[in-house]
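Input: structures, listed below.
Shared between the two complexes below is chain A, which has chain B as its partner in the first and chain C in the second.
The block that comes next holds the complex of A and B.
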């Protein structure tokens, strides 16, 4: 396995009595785009702020590019890009002013031409003040500011929230463009599963502060499935099958949502339970995510073995 | 080469499957002929705005299916149909898929002749395109 550029170990955060992030253990290797998903309030923003050292953890630790998040040196910070939720930029500044301001933090690797080309591509006048830009334009400036220093590790907190399809696509293009350069890594949170599916190689799923899945996107898509079993007489009362998430009974049919159960196990169970037949239903990533994070009795971490 | 691949995120087919199937179909229809070069992985990933690994996975599936061959250093090419392997198991799987479609057709109230006509008319969609391509050459 390649070098780990983002690592958390038992990372935990309480706000008073409420637990926002619960013992998060993550290891993100260099060179991938990692989609970070979870429902509203799942703890994504808190987790990101902890990783960047903007919040102090209640317990546990995290490391970016091998450096503890609580003690990131300027030299390390220069290699990391961060896009905040809502693209908060100094409102009184012009685009050119922000460019100058931001460039000062990345003296070695700021790419003037890249920034200017991107702003031109977005058709934004550099003299314009941030406060006079629309939300979408502000997001575009924020994207250009994040990419211009050619960051080794780019962390974006829900960067496409509330943006139109065209600007969302520009963010995706920006991520793909960055990853094409050697050794760049991106972690981005999003609620738009279609975007996550498009660009991510790996996904992190958290729910109520707890890590629920961390694997390649393909493994997640293969792992979560819905199976409908049809019985001749009645549906069995006991359902005992590995990886059971949800169980629904509809007359003579039994609908199971399973995670990590392979097709042979399903066929075996169908036989032993006396099912007449069974169908494995294909699911979209969005449906898989909804089923996976829906309240269930058994909640387990799904971590596929690295092949 | 024109970009005919369309990505539908949120479909129940993973994106690498969508890419694999659309390229397979282009080969079957003759839009891509034996010896044609596929776009480089990174180029196609940029154009489609998808992860390069997804494209690489699609290409390796196509290679496993014998539809393309990768020559180190020069790229991925559509393979010679004569070199493609099809064993009894492949043909058997195809037959099973046809059974599903025939069942649907019969359930819709179609007769044997209707089904044969439908099959033939679909088949011409594939042969016409490939004929056209030959004429162009």
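The block that comes next holds the complex of A and C.
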């Protein structure tokens, strides 16, 4: 079994009475690229800050590279790259100044050429101050700063937030540059499922602080499915099928969103319910995620959606 | 190298406030001294006294220019302390740069030590040398009718140390995540209390002891809060 680089055990965090992260259990092996997804306020940033020792857990623990998160030593931090949410950097510093600042903390492992190449690739002048950069440019600097020390573990908190499609692609390509290096582990949170789909091997889905799924991307894509049943007469009032997430009735059709239900079970239920036929609809990862994390009986924002 | 990098960053952030305090202090004392030196106004004032006039010795030993620098030194020192405390411990809360700063390959103690050292240097390089310079100038022959005493010089130092106490108080309040009406106000309230108490004391030894003890209390609270705080 490969070495576990990031591990959390019953990680829990309360802010006063509000539960942000609820008994999070994760084990991320070395070399894994893991997408950490959840809706706004799901607890992604809190979980990441707990892992990095920036917050104290209310209960449970987490370990990075074998070291307890609440007591990360400077030597361990040196092996971890961190891209903060919103790419908050020192605004008065120039890119060159930030490079000098960051390099001081990674004296042996800093890759000057890699940093310069990345900055040139992103077409950023090194003399430019951070305060004069756009959000996307700050994201690029932030990524270059995190990647240049060649970290063993890279943790990124919503790195593509607020970036346009072109810059997001550049950003992901930069990230892939790190992934290409052997044995590097990446955990990145995002709410853009397309980004996750593009680079991740595994997916962590968190909802209201609770871990809803931790599996390979393929497993998740196979597990969540939408099935449309067509009935000759009326749609049954009660639906009893394993893994039912959501149920929607449209005239003589019944639309079910299911998780972990295999095709045989679906066929059996269709037969027992008297459905004329049924179709399994192919869903995008984004649709799967939305259906998977949507609360039951969620009201539609716009009334026309209910038609 | 890591500490010097942190120190450089912190000092650069303190620099504008340090220069502002220094420039203001030089400008104010220059104006005050220009109008109140022995060779000009003092001699003019004494020359108006007719023979046989009885005057209070206080009038001779009183040197307005020097004493007028006192309030300026006090307010500039307090202002500089507040500005540095806010810059180092409040602004990162709003700019959200704490996580980036704290994810360094150094301990939190080192990061805090760099901040405190930078602020001390900012004090040491701005109003301290100017105050020493002023005292040196004022004690030169023929500048004032009666040169200022050494006690006067020490009183200036007390104002400067009160600025440092204010800095620590502002820093502690900035670090606190509690509500204003609870413990967040402690740092600033404690510093204010020390300033008020200092003014009510006459013994310099007692005042210096009070400042040293209060600074030690604030320092220990700052280290404790910084090590425990969630960012």
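Heads up, the rule we're going with is that the second predicted complex is superposed on the first by the 295 of 307 C-alpha atoms of A that agree within 3 Å, B and C clash if a C-alpha of one lies under 4 Å from a C-alpha of the other, contacts with A are read in each partner's own complex, and residues count from 1 in each chain.
By definition in this document, a contact is a pair of C-beta atoms (placed from the backbone, for glycine too) under 8 Å apart; a residue touches a chain by one contact, two chains touch by 3 or more.
Quick caveat: nothing in here was measured; it's all calculated off a predicted structure.
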When chain B and chain C are modelled together on chain A, clash or fit: fit
Chain B versus chain C as contact partner of A:278, first or second or both or neither: neither
First (chain B), second (chain C), both or neither touched by A:193: first
Touched partner set for A:78, first chain B, second chain C, both or neither: second
Touched partner set for A:104, first chain B, second chain C, both or neither: second
Partner chain(s) touched by A:54 [first = chain B, second = chain C, both, neither]: second
First, second, both or neither for A:90, with chain B first and chain C second: second
Which superposed partner A:33 touches (first chain B, second chain C, both, neither): first
Distance of closest approach, chain C and chain B, by C-alpha atoms in Å: 28
Chain C residues touching chain A - in the complex, by the definition given at the top: 1-2, 4-5, 8-9, 12-13, 95-100, 102-107, 228, 230-231
Residues on chain B engaged by chain A in the complex (per definition of touch): 7, 9-16, 42, 45-46, 49-54, 57
Chain A residues within the chain B interface of the complex: 33, 169, 172-173, 176-177, 179-180, 193-195, 197-201, 217-218, 221, 282-287
In the complex, chain A residues that touch chain C: 49, 52, 54-56, 74-75, 77-78, 80, 82, 84-86, 88-93, 100-101, 104-107
